[in-house]
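The structure appears right after this line, and notes come after that.
Each chain gets a letter, A, B, C, D, E, F, G and H, in the order it is written, and its residues are counted from 1.
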Amino acid sequence: MTSNKELRDLLDEVARGDLDVTAAHRRLMDALRAAPYEDLGFARVDHHRSLRQGFPEVVLGLGKTPAQIAGIAAEIAGRGSSLLVTRASTTAFDAVRQKLPAVTYYEEASIISLRQQDVAPGRGTIVVAAAGTSDLSVAEEAACTAELMGNEVVRLYDVGVAGLHRILGEQARLAAARVVIVVAGMEGALPSVVSGLISAPVIAVPTSVGYGASFGGIAALLGMLNSCSSGVSVVNIDNGFGAGNIASLINHL
Amino acid sequence: MTSNKELRDLLDEVARGDLDVTAAHRRLMDALRAAPYEDLGFARVDHHRSLRQGFPEVVLGLGKTPAQIAGIAAEIAGRGSSLLVTRASTTAFDAVRQKLPAVTYYEEASIISLRQQDVAPGRGTIVVAAAGTSDLSVAEEAACTAELMGNEVVRLYDVGVAGLHRILGEQARLAAARVVIVVAGMEGALPSVVSGLISAPVIAVPTSVGYGASFGGIAALLGMLNSCSSGVSVVNIDNGFGAGNIASLINHL
Amino acid sequence: MTSNKELRDLLDEVARGDLDVTAAHRRLMDALRAAPYEDLGFARVDHHRSLRQGFPEVVLGLGKTPAQIAGIAAEIAGRGSSLLVTRASTTAFDAVRQKLPAVTYYEEASIISLRQQDVAPGRGTIVVAAAGTSDLSVAEEAACTAELMGNEVVRLYDVGVAGLHRILGEQARLAAARVVIVVAGMEGALPSVVSGLISAPVIAVPTSVGYGASFGGIAALLGMLNSCSSGVSVVNIDNGFGAGNIASLINHL
Amino acid sequence: MTSNKELRDLLDEVARGDLDVTAAHRRLMDALRAAPYEDLGFARVDHHRSLRQGFPEVVLGLGKTPAQIAGIAAEIAGRGSSLLVTRASTTAFDAVRQKLPAVTYYEEASIISLRQQDVAPGRGTIVVAAAGTSDLSVAEEAACTAELMGNEVVRLYDVGVAGLHRILGEQARLAAARVVIVVAGMEGALPSVVSGLISAPVIAVPTSVGYGASFGGIAALLGMLNSCSSGVSVVNIDNGFGAGNIASLINHL
Amino acid sequence: MTSNKELRDLLDEVARGDLDVTAAHRRLMDALRAAPYEDLGFARVDHHRSLRQGFPEVVLGLGKTPAQIAGIAAEIAGRGSSLLVTRASTTAFDAVRQKLPAVTYYEEASIISLRQQDVAPGRGTIVVAAAGTSDLSVAEEAACTAELMGNEVVRLYDVGVAGLHRILGEQARLAAARVVIVVAGMEGALPSVVSGLISAPVIAVPTSVGYGASFGGIAALLGMLNSCSSGVSVVNIDNGFGAGNIASLINHL
Amino acid sequence: MTSNKELRDLLDEVARGDLDVTAAHRRLMDALRAAPYEDLGFARVDHHRSLRQGFPEVVLGLGKTPAQIAGIAAEIAGRGSSLLVTRASTTAFDAVRQKLPAVTYYEEASIISLRQQDVAPGRGTIVVAAAGTSDLSVAEEAACTAELMGNEVVRLYDVGVAGLHRILGEQARLAAARVVIVVAGMEGALPSVVSGLISAPVIAVPTSVGYGASFGGIAALLGMLNSCSSGVSVVNIDNGFGAGNIASLINHL
Amino acid sequence: MTSNKELRDLLDEVARGDLDVTAAHRRLMDALRAAPYEDLGFARVDHHRSLRQGFPEVVLGLGKTPAQIAGIAAEIAGRGSSLLVTRASTTAFDAVRQKLPAVTYYEEASIISLRQQDVAPGRGTIVVAAAGTSDLSVAEEAACTAELMGNEVVRLYDVGVAGLHRILGEQARLAAARVVIVVAGMEGALPSVVSGLISAPVIAVPTSVGYGASFGGIAALLGMLNSCSSGVSVVNIDNGFGAGNIASLINHL
Amino acid sequence: MTSNKELRDLLDEVARGDLDVTAAHRRLMDALRAAPYEDLGFARVDHHRSLRQGFPEVVLGLGKTPAQIAGIAAEIAGRGSSLLVTRASTTAFDAVRQKLPAVTYYEEASIISLRQQDVAPGRGTIVVAAAGTSDLSVAEEAACTAELMGNEVVRLYDVGVAGLHRILGEQARLAAARVVIVVAGMEGALPSVVSGLISAPVIAVPTSVGYGASFGGIAALLGMLNSCSSGVSVVNIDNGFGAGNIASLINHL
């Protein structure tokens, strides 16, 4: 009862006398109450997410036990939806593999995935640029997320601003991108520089890479929020998944 | 000398003997040195921005004197580029109008603008949703920016989460948008709620609206960065312009 | 069409043939879309708040123009609802009085109010205790709010912990309260002390009173959040209204 | 000598000559000095707490050794009072069980408890709503506390705002509650949404769930303090016990 | 009825039959309830402070209206107590002078004072050392407070650590002090240096002098709290009064 | 050459011809350069501290290796000075005991000590009051420090403000103290309450006890710095040693 | 008596009998006590600074009254030293000009100066680069300071990273500098980029230019402290003077 | 093709007909695109750094795996460049030694190094002063860095301001330095004191040494940024490498 047509059909049945009022009333009330999710007690798995947001519900592994993750994963994959678990340990992977032997583990990205038939391809390429070698795990979380959501991804790693020629030498690939994700820790200056070179939107991901006054990524976060290049929007510290997801939303427009 | 073709033509001339080596050398060196900006002493106006980023250089009025703003504005408009000055006071408007009588002032948005022939239309609509009446000036900065950059804008104001039926009642218009800008102060919860309802990317703008522990917008900013909805990216506190610009970049893809 | 009964009646009409399917369909769709608020452009006045939350929508004056406040106030009062505007300047009061001559202004509390017939009396008394003379305006915001919402209020002012005998001398009145609001700046220690003496819930309001390392009320806020007395919950810095409202909700249980 | 009557009786005895002045003086002085607690050296166990605050002294296990916890627990239970130890490790549970074999351990809540005859039943139901699966341990601390203090508790878990239909589908149970505890990490938006739907007071508990700019719960804490719904008061990050206790105080009014 | 003797006398009267039980009961109850303060509505003036803490109640002018200050001042002075009002504007001084023509105003210290016969002399000298010229108003608040409380004060101003010979040249006067107050803004290094040179306790006062990363005195406050010299304790930013008062307490031991 | 007399004697020798100018010059220069400390390479042990500050140099164990601590300890004790090492692990104790078998270890206080003949007795008693059982290690650091520096110490533990009768029952012992150290975590309210009851100076020690918004002791620290009782000065979070040392300095005046 | 030679001469006189021991003793003691500064009461003017640090004492105008500034300025200039007053208002300039008619005021830099014969020329050029037009006043404070201290200064303004070609076009002038000062607000990325291009040391000056999450320059400060280019050191927010001074110290090496 | 001469030669060849236009065009385009770095996939090793910045690329070991470090190290050393790896664990050292047996490990400094023929000697001495024994590892990182870059280094350790005679006794060595690095934790006061004594530039390094309100080095960092001595610039907390590098840059001027 989630479409106009179903509602009209019901009313037609009532009008024709094919459906008595009490039954119609109950069906209407049921439809209004219907929960499009499965309640596992500790979690409510959202089966309408793909309709509503273009990709099935993604599981944030952080703070969940391997058993909880495996339970949710089985529920999602069991309905034929693609599976994507982020911040997943190898232990969680083992637990999921027990239930879903076909899953893949992307170690550098800490992602568990099972690709099914429900993913539409993106329209252009997404560049993931990372300032330093230490930013790779976050960059890989972004890149794998975007790939698993159907996008073609180009990786440009270790192109930080201390040696400007490295990013300047990649201008062609940057210019060809439909969206650019820029991952950087420390002072987080790379998104401003990249955004100044291109006309595509830039999603900036601050990382907790650094020490001392980097304050676990605050310095990079503030740098990106204050970017003097106006094409930069920002996600949470180390949130590679979020950046990959947003870039994919844009690339599917 | 900024294209392949110009370079090849020069080499042809040298090969043909139409151009002697000394002159060719000087022309090559000049081209490499050529600064695509006008140096006003206190500012360097960037005339290649439109080529590089799709819209002429935008002037941030904050921290500049009316005379400086008027000088930069005249330089930009004089080259036939559209003009957009943000955070502009009425005094700055008066100074600009002296030089450019055709400019318009959007008071609620604090924007000075002069539309010329160089703006391409966006592809879909951009929704600008604001949580409360106090967020209007930031929302208007975003909305006016997006409109001046060629986009169709739908405004949904005073739809904060304390009365959820207000935003739920606008689901149709939200679902029709290609990008959604959500402006909110206080706890900044609206972007999460909106993003959960749609599949378009959400640009969240925290505002400094609030008091006490809102800390001038920090509470809203942190709320948005930690959104449990993964389609949300964030710009600086009160940065309506940035949100409008990014939304426009996406809507021109 | 917001009750079970209205829905059943409609279905009965359809079953009886008194209502054709197209009209029934339209009425059902309309009901689902019906917005229980008035859209003033800059604000959406919520007329169902009283049903949903026990008191009509309250207007936060902060960040709204006098004209906006007056417009919203007229809309609320015009429906017969009681009016409560907080953080209201005398200028806002003048603007409201133009439209609603019967309104009252509580200067120390910065509250504009118009009491109508829709307020139910609370069940017991609410004590508002304030640590120092400088906390009075916040304390008055709490006390006036609670009174205007139908509660009997007892004020105990200047009873801070530096002279413990002052609060110890008021134990009888504290013990008689159904809820206690405690307002304090500086180190914010009073709520812990009061809560240790009684069994009623304590709503703590940190104020921005202090200087230096009080950081505009952060010291008091943190003190209250870390109270070693477990009966203390906390609202935002200077949020006398919130405390008064919550105390009233509890006192109406 | 803690009541009017005892005092008058003493004076009567003196007047009748049944009690000499020196003895009367000593008894009066003793009464004024009497410490209603047991001094264990490292802790002073408060035996009047139940009279003063409606529930015996609760032990915060954090920062105490298992031996200290066991000593305090034995002292409390030995007087016939109900026992409640929060933030208790399994090691602490083992130590307490040595002395009090009848105690129960609630593992997810990290609570040790021994229910005796001194707990009065609450008047209505308390709902504990949690935004995500990772918030469960804090939610359970709140729920167990409330139950052990004599209240009926309804649990609504994994109802965060990213999928609004989950909380909207529970409106009936929310509306039936006398108090609602809302537990959430990340952006902490759920209390605002819940409070906007009901007229009962909401006790909000921010959790340290999240990463990056959640700053160990600061983002959620600030979000809740700045709630645009005025029925929300807040306790410390991860303070499930405090929320359960306050909800119980209210539910016993 | 605040001493042993009064209590015994009462019991004797009852034993002798000179006082009936009802009257004795009432007097005992009255004594227990007696408030040793005057309730002005907006303030409770504490007349026992001098007995309890060695100096009459001091009035913090900050956040009080001139009328409130004058009212409290008259109440204090009217009982023969010395008057000390800190953070007092000239307007407050004018209001107090209306009621108490004999008061003095220390402009640099922003102190209003009226010395009466109730101040005991301190035992040694108190040195007040200030790092820079900009710290003078805070230093004067400390120095005037100490003087008005009966202490001899030596001022050493502009002796900051950038020119170490200035403080090294004053070692004799430092060594002769019983307590030393050190006032400094910016990096707040002076207390560590001074404390390393002497054996007297050092009370450090951070000031809000500075700009940028001094954050209104936070840098100096943190510097002082982390002093590598272990004889340094600290008061709030700009709290010259507190430092003067504590130094006086020590100097009266 | 550190006294007037030595200088005059040298000049006399020169005048008498008993000392030639070159030798006199060298001796004067040597005296000006003489370092009153032993350079161990990694540390410079200060042998004049006792003269300058009343107690030999104290060793902060934190951040030093056991070997470094043992080396410094041997150097200090070898000169006949009393030894005091704070923040010392049992491993450090073992290393020191190898070189100085007579040392004592105070486990709860994490202090290594060797008392020699160079400590003068303090004049009165020092009270160390602690709010909760979890504050004991910091309180013991303060109490042991004060005792080892020659003072009589009275301990009042678990007297926090949530049960006010506990501290009120100890007023006699508080009133008898010459200095009071108050140790508290969480909201840090105890120093204000204690200081309001007595005329002795209060040294407040915030502890890192707490969780969530206690931020490792920041809440307690801010509470104490903003104390509404003006007799309170503050030391660093968990700095029991500093408080004990300052209290001893005052008690030796 | 501040040099070896003076000391030896004195000893020679004593040895020759030209100076008696008492007089020699007094002269030695006087020399040791001699204060190389003038005590104005509110300030101690340091006349040895030029010998010790290469430039006479500089006056920070912030927080000093015009009269105080004029008094200190007269004292400095009266001894023949060059005068440099920073953060000076026009009012302060007027006060100084009364006493020293020859002084100059640099309005954009807020500097008062009087150049005398005591300034040595620097060895190379100092580049002052500023990211945006709004950073000019801080950049001018740095540039004027360096010029007044004897250095040749090259200004490169409005060369922020959003348009990278602007700074890349100035590589020749950057490469020719002996020291480079980089002034930037917002994300403060320019110093990293500049430092990556050259081998000279970079002094970075964060400015308070920006809004929202720039937090008055904190974002820029953190960005610079976390620079991925290792040739960058940082001064306080808006501290143009400090940068100019340090650059001058380096350029005089 | 990176010099004028190469460009002219090419043009001459074209003019002479020795080079056809297509080949010339390709060579010009190649030269413009040439990347002066080696792309290892996870890192881009910069072989032009030595030319551009005077020392080969330095490797920050933090956040890189031993294998990554060894790979980068081999690449650098293989080209004949000196190797410097900071923040290197012994495990990383073992991995590098496998590939480059000649490398040295400086344990206290956590530095791996291989000196080759490409380092020019500095001009004067660099002093590294450290306040306390706990600051040694950071001080050694600075000192080793400076030595490996060709500078003579003088170490002055444990010269903190609590015992001023220690640093005053080293004035001769300080005065002889061309640059001074000052390393300090806690309140970070030493740089101000040192800078006040000398005319050389001071590079201040805050360390994370301390506890409580040192906040991992924030207190020291803020103290140094607010230094009242104007010759102090600051690097990140614990950034000994940065300070050593900058000091070396200055010492090579």
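Operating definition for what follows: a residue touches a chain if its C-beta (ideal position, glycine included) is under 8 Å from a C-beta of that chain, and two chains touch if they have at least 3 such contacts.
This structure is a prediction, so every number in the text was calculated from the model and none was measured.
Student: When I count C-beta pairs in contact, which pair ends up with more: G-H or B-C?
Tutor: G-H
Student: Same interface as F-H shows up in which of C-F, A-H or A-C, over half of contact pairs matched?
Tutor: Answer for the repeat of F-H: A-H.
Student: When the centre of a chain is set as the mean of its C-alpha atoms, what distance in Å lies between chain A and chain D?
Tutor: Centres of chain A and chain D (C-alpha means) sit 39 Å apart.
Student: Express in whole angstrom the distance between the two chain centres, defined as the mean CA positions of chain E and chain H.
Tutor: The separation of the two C-alpha centroids amounts to 51 Å.
Student: Counting in whole Å, what is the centre-to-centre distance of chain E and chain F, each centre being its mean C-alpha position?
Tutor: The computed centroid separation for chain E versus chain F comes out at 26 Å.
Student: Taking each residue of chain G in turn, which ones touch at least two of the other chains?
Tutor: Only 132, 163, 196-197, 212-214, 218, 221, 225-226, 230, 236-237 qualify.
Student: Which two-chain combinations touch?
Tutor: Touching chain pairs, listed by label, are A-B, A-C, A-D, A-G, A-H, B-C, B-D, B-G, B-H, C-D, C-E, C-F, D-E, D-F, E-F, E-G, E-H, F-G, F-H, G-H.
Student: Given the complex with chain D, which residues does chain F contribute to the contact?
Tutor: Contact set of chain F toward chain D: 132-134, 136, 157-159, 163, 165-166, 169, 209, 211-214.
Student: Can you list the residues on chain H that touch chain G in the complex?
Tutor: 52-54, 58, 124, 178, 196-201, 203, 221, 225-226, 230-237, 241-243, 245-246, 249-250, 253
Student: Touching residues of chain A toward chain D in the complex: what are they?
Tutor: 33, 35-37, 39, 41-44, 46, 48-49, 60, 62-64, 68, 206, 208, 216-218, 221, 236-239
Student: So in the complex, which bits of chain A are touching chain G?
Tutor: Contact set of chain A toward chain G: 131-132, 160-164, 168, 186-189, 192-193, 195-197, 210, 212-215, 218-220, 222-230.
Student: Okay, in this complex, where on chain C does chain A touch?
Tutor: Per the touch definition, chain C meets chain A at residues 4, 7-8, 11-12, 14-15, 17, 20-21, 24-25, 28-29.
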